[in-house]
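Below is a structure I'd like to ask you about.
Residue numbering begins at 1 within each chain, and the chains themselves are lettered A, B, C and D in the order written.
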Amino acid sequence: MGLFKSKNNTHSDEKKSDKYYYASQWGLMARKFRKHKLAMGSTFVLVIFYLTAIFGNFIAPQGTEQYDGKFVNCKPTPVHYFHEGKFVGPFVYGMKTERDPVTFMAQHVEDREKICRIKFFTQGDPGGEYKWLGLFPSNLHLFEAEDGGKIFLFGTDNMGRDLFSRVILGSQISLFIPVVGMLLTVVLGLAIGSLAGYFGGWIDTVIQRLIEVVRSFPQVPLWMALSAAIPKTMKPAQVFMLMTIILSLVSWPGLARVVRSKFISVKKEDFIMAARISGAPGSKLITRHMIPSFLSYIIVDMTMSIPSLIIGETTLSFLGLGLRSPATSWGVLLQETNKLETIMFYNWKLIPMIFVFLSVLAFNFMGDGLRDAADPYK
Amino acid sequence: MTKFIIKKLLIMTLTVFLISLAVFFIITLPPGDFMTNYVGRMLAAGERVNQEEIDALRRTYALDQPFFVQFWSWFSRIILKGDFGYSFSLSMPVTAVIKAYIGPTMALSITTMIFTYLIAIPVGIYSAVHQYSFGDYLFTTVCFLGQAVPNFLMAILLMFIAFRMTGDTMLGLFSPKYQNAPWSWEKVLDLLKHCIIPVLVIGLNNTCGLIRTMRSQMLDELNKNYVMTGKAKGMKAAAIRYKYCVRAAVNPIASSIGWSLVNIFTGTTITAIVLNLPSMGTVMYNALINQDMYLAGSWLFLMAIATVIGTFISDVLLAWLDPRARKEYLKG
Amino acid sequence: MFKKKDKKDQAQSYEISPEHILEVRNLNVRISVDDYLLHAVRGVNFSLKKGETLGLVGESGCGKSVTSKEILGINPDNCKSEGQILYRTKSGKVLNLLELEHDGATYRAIRGSEISMIFQEPMTAFSPLYTIGNQLSEIILLHDKNATKASARERVLEMLRKVGIANPEKRIDQYPHEFSGGMLQRALIAMMLCCDPDLLIADEPTTALDVTIQAQILELMRSLQKEFGMSILFITHDLGIVANMCDNVAVMYLGEIVEFGSVRQIFHNPCHPYTKGLLRSLPRMDQNRDERLYIIDGVVPLPVDMHPCCGFHDRCGECLVGICDTQQIPEYEAEPGHMVRCKLMEQGVKHHG
Amino acid sequence: MYKRFALLFLTLCMVMSVMAGAVCADTGKEAPMLAEQVAAGTLPPLEDRLPVEADVYVETEYTPEETPSYGGTIRTNNGGMWYFGPNAEEPLFRLLDDGTVEQNVAKSYDLSDDGLVYTIHLREGMKWSDGTPFTATDCVYYYNYVLVTDVDNETGKVTKSNAGRYYNWYMTADENGVMRPAQVRYVDDQTFTITLYSPKPTLLQAIAIDNKWMFCPKEWYKDIMVNDASAAHWSGESDLKLIGGEGLPTITEEQALANALAKSELYNFENAAKLGDQLGYRYWQYAGRPTLRPWNIVSPLTDQTLVFVRNPYYWKVDAEGRQLPYIDTFEYVSMDASLYAQEKIAGNLDLVRFDAADFPIYKSSEAIGNYTVYTDIIPSWANVSFEFNQGYKDPQYRELFANLDFRHAVSIAVDREEVNEILYNGMMTPAQFAPAAGTAEYIEGGPEKWIELNVDEANALLDGIEGISTERNSDGYRTFVGGEHDGQAITIEFETRADAPNDAQLVALLAKYFKPLGLQIVESNNTDNNARNEKYYAGDVYMAAVNSSSGSFNVMLRPDAVAANRNNCAFIGKYGLEHADAMTPEPGSAMEEMVNATKALISASKLEDMQAAAARIVKSHYDNTWVIGILASNKTFDAVANRVHNYRDGFVSCDELRFLGNTRPYTWFIQD
């Protein structure tokens, strides 16, 4: 009604209520989001995960291709601080491998005589070389046990590879495929959805049919079918790219549909009308006015879609349809847990599951927090 | 309504056609045409295959023709003869394979779906009505966890738990004892016992999603103005909830039955592989690994068709349940 | 402290003036939102005679809707109230509505049949899933134990006719989305009058409608009031409607009634700076076209962390620094029946113009 | 209170023991499930089902020590047709561990003095599993109409490769040196003759190994096998004379397919060749086809669990005259190989075979799973090995694989100790692919050749090979120089088996070992073994294989797995003589010697010649390391539920002896 027009409050002091009232949309979102403790905690966890992944080669003691045939299926090595009551700092005992004479089960026992201190910022063994961010060659690793001591924080797998290293290196795939896939999805979904929504007419009809066709495919089987077609000789990097393309190929229609309908509804709103009448060109209209008007929605939606992409990648790799060993991802690592006896005898191999679980949960909670924050009515 | 259905059906036919095109494209994706395989098999069967025979076969399957002609040869055989092609890994017509596995797959899917809805709707309502109560927090947490664990891991974990508790891993649909026994109450019980894990695993994800949707739908409805009107009328809060809110909140959920079934249908794929269920999922997986693309493609095709039909059912259901949607559909 | 108990045999009995149907005494409502506690209604007192129309006026967020919903007991659970809302039932008994359990049988028997309410947005006041007839007859079936479905339908048809809906036989089986806004408001009024209530609360019933429809609805309400003889609590921010419809006016600001009086008193002798501001911001026929409409600076602040002061002090042009922003302002009687809550009314306080 | 409880308990125990006694202590001569049918009149009495008393096969050697009980079901994994087939196989003659044969379906035989005519005697009154009589007609029919279907009338040469499918036991050289098929003739219902063109001292072993089922139910097949009666038969003789009865009806391809389909929905084949292959050769997979086996399949092949039920007309009895088998049902459950161990431990499978890789898990879980681990002997040259397809279709790769330095290089690049530790729990010994010390075929130094790890020497060897680069590309791999693949990385694809998870791991390790050599290795996984086998049959579609050749039980009797004969021998590939379009090796090449030695073995008619040819084959392996051995151990293991009795520890398990079939499963019994 415009009865009372709001003006800058000349008497305004720094009261909570004022901030609450006058903050911009984004500021308001940030404020609300910060109040969502679970979402904040999740964001923190995710930041740590991603940092760990980025510095993965440095943090992981072993590279993807390194292994030690003498320590197959070795349980996690305990890190000690005290030897016979004396503090010596972090160290592990040396390890001996014995086989049970009847069952031939390997037993890795600590050699209490031999103390291997843990050194930090050391040059790794040959084979541990890496290029940080694919650019800077290095073999610097966060920690290593002295005197040939073995330190397997999460134990080893059936090839004698350090599971801790593989979990961290695997996160480079498992955490980045979903994000890259999601970005691709956003680009595709936004482009196609806004085309359909903005122009309407036959373009809209064609795109709608296309969306309907792609949406008719059950997600997981389609992923499976497409991944199965990836040639086996491909390098991990290429497989990675293909996987992201496959994942996004299947998930763009959902976003495109939403973008399209948002476009149609936003198109009718006054401020777009005004911009259009004032002669703003179409592209400017889309990028300056229309997309920002539902950007928050897209961010929320995309955050919420990452968990299913993480699960998708993990599942495909688990089924042997995605990445293959020695390239590693959490799904590849979980391949070994397909057996009951693995869980019975080597339960530490389930550790990667915790990471899948945590990251999915964290993205879910973060998405929830974002959604609550973006929703002005809550 | 009839006009609406006819229109939908026409669009559906077009979609199915486009889907089949996409499926055929996927079938032809793997390197080496299926002729290589076929000749391999023929040789294996002790046949001496000469170039003439290969050429003849290529003509039958139109492999020497451009993509669209090949596609048409494949598509017309499906439409006219119900012939989905030949499974090389199983040495039998794809139709026979599908026939053998569709029953258990459907049975499992439908059981799971009933379970899903039976749990999700009441729990969703409870959670919404008792928002921020202990129960609400409990269910919400369980839902979050349920959605965070990939199906296959859930299956493995439950299998392990079952083994620890009962000494059996509960794989397959029957215990060895009842596998070939005639039907009896014990056998039914055994079947039900074996269904627990698959139904839980397949259903959990979907159930969690549905609970969350139901809860937020219900919360939406509870905050609608007509609730106020109802109160002003002097209606009991519970009566408003059930007559107005639940009915309104259930609408979108109930109409999702169509694609929910498809969701479950496909959810069985992964679970079946892990739990060794006699479902198409296992067959599809093996077909994919062997690049037996006619089988895999047919399965993909069927699932896509099921999705289309499911969406159609959903649309019709929604139109039937919601007078507003009905009007809109009738309009255009 | 605020917990309401539905005690059938109340030990305490209340007395209100015999000509009054409703008396609100020192009503306070606090709403908890996120981590704030909003003091939405602060010590509101007013009363309503039989057959009288009281206008409750104020900007959005001043607490008028909360007050009215509190009378009906339909505020959400995050509202806590104290004070008294005394109501004389049809049977003549005086109840303190705040003591009744919201969802209890006593309160429910009152709602819809004795106190009714019509809402601002008729489009959302109906469930889209049931026919108008279904939703209207429901109220009759709820309150009239003797009603059958057929008799209820008859009554609904009669009421629809009464509120001026053409072709009610056809309309009764239609869904809300097939009605226009004005028609829905008529239907809503019909519904709320089905049980012949003594008190009708109209919460901005015409805000969502266009002007011609507004006039029709107001006319309808006036004629129905004559016919049914009910009291109306009319909530609006539109002073024009108040002048047309009401006998008395209560001006609310930030949860308080800042001025109360008859329509004549308020319009001809507004005493509170806020009331004056409201009146000045009304467009007038004699206004110069180039003259800009008057605007009160600022917006209604949120009633959070309230300390004793005049709620309007930071927007008031006549604010007495050191008094208005630090003291609880008492009520002054400008003339009989005309109450004003403003320090400026005190003898010896200098007028600033 | 306690008393009453104890009483109840006692009563329960008594009731249960009586019930148990009713099941266990049956002294009947046949299974209760059959006795019921006899009582119901749906099955003839036992004496009418068995051959005449003098001709009944009495199984004395494997009679259990305890009194066996009838009934029960054994459940094991479905390892494919070549797993469940041999378990119930009944050959004409049975091959024994020492290489001799004994009576089985055939009762006895006579050999003419010139060594050319074998007269085979069958058992009187023996019946197919559907109750129809089994006679010499069935053998003659099988040979002439199912096995040898297309022979050139003029030369007597088999023209269709169908015949080449099987080791041609029936081909002998005539006076002109032309290989010609034997004549198989009907004499009477219990007698038929096999007439050769030149003597073949190992004929019965050859039949026992390569054509175990030299018979099929003629009555059942006659209208589903294509038969053009108007054309003269390949041997020039009439049907009448051949099969000792009335002539065969004319059956066209369409009729055959229609008739088959009319018999059962399961027999839906797209062409007659497929029908012949599936129903004629792989018959034991199809329910309804009468057999002489102890158990027959009753479920469609697509079922997740294949069920085999006892044959009521089985013709063997134990020493006490009780009809065999003891166990009613065999079930083969299809499941991913990764599930075997857990299902064994959970007790859902009664029998699982495994190797050293899984030994610790199975052995440690014996008590939980209530089973026993048995050790079997396998007469192998190497258990863990890899090999390259010498007949691979691509000439550049073929040339590389044919290079001895290449094979030498890859052999010494493998860290055998590490493979042993990682994959096989240190239970095997590093070894080259060669007959083990102590066997007749042993060559001094064979198992030790080229097994010392030496990556530098390996690289030097590869550097010396022409046609491949010495420097590496950006990925670190050697490339081809010249030819079609000029500049492309050398990439070798290894086929792995479905039910052997270790294959994939071995390939992963090979990939690591060969990376320093500049060779790229990829894995080609087959989820079902048929798929892999089919590739082998095609001969030229796979590049390399792991754990494919394990050696030979006896090269003279069974050269197939090590000689240039079969079409599914991995290293031989398209050089296999059984391929209709087999490749001819280059003159003077090592492969030529292998092919010639194989040919010599096949056509030899004297024992000494055969032995000499076999020795040439072994020598060729010694010289050329066709197959690169990694580890050897003569053991494999079975985890068998404790309720299964009369299982044999330490039996010899190999294809020739039909794996588990060598324990004679029809003598196992179940006691819970």
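Rule of thumb we're sticking to: a residue touches a chain if its C-beta (ideal position, glycine included) is under 8 Å from a C-beta of that chain, and two chains touch if they have at least 3 such contacts.
Bear in mind the structure is a predicted one, so any value in this text is a computation, not a measurement.
When you average the Cα atoms of each chain and compare centres, the chain farthest from chain D turns out to be C. When the interfaces A-D and A-B are ranked by C-beta pairs in contact, the top one is A-B. Distance from each chain's C-alpha mean to the overall C-alpha mean is smallest for B. With centres defined as mean CA coordinates, chain D is found 49 Å away from chain A.
Chain centres here are Cα averages; for chain A and chain B they lie 27 Å apart.
Chain B and chain C have CA centres that are 54 Å apart. Centre to centre, using the average C-alpha position, chain B and chain D are separated by 40 Å. Looking at chain D, residues 336, 339, 342, 346, 525 sit in touch with two or more other chains.
Within chain A, the positions touching two or more other chains are listed as 320, 338, 340, 344. Taken in their complex, chain B has these residues touching chain C: 224-226, 228-229, 231-238, 243-244, 247-248, 251, 322-324, 327.
On the side of chain A, the complex with chain D involves touching residues 65, 67, 69-70, 72, 99-100, 102-106, 158-160, 232-233, 235, 320, 324-326, 338-341, 344-345.
For chain D in complex with chain A, the touching residues are 336, 338-339, 341-342, 345-346, 356, 359-361, 363-365, 415, 417-418, 421-422, 425-427, 475, 491, 493, 505, 508-509, 511-512, 520, 522-525.
Those residues of chain A whose C-beta lies close enough to touch chain B in the complex are 209, 212-222, 224-226, 228-229, 231, 307, 311, 314-315, 318-321, 334, 337-338, 340, 343-344, 353, 356-357, 360-361, 364-365.
If you check the complex, the residues on chain B that touch chain A are 11, 14-15, 18-19, 22, 26, 29-31, 144-145, 147-153, 156, 159-160, 163, 169, 262-263, 265-267, 269-270, 273-274, 284-285, 288-289, 291, 296-297, 299-300, 303-305, 307-308, 311.
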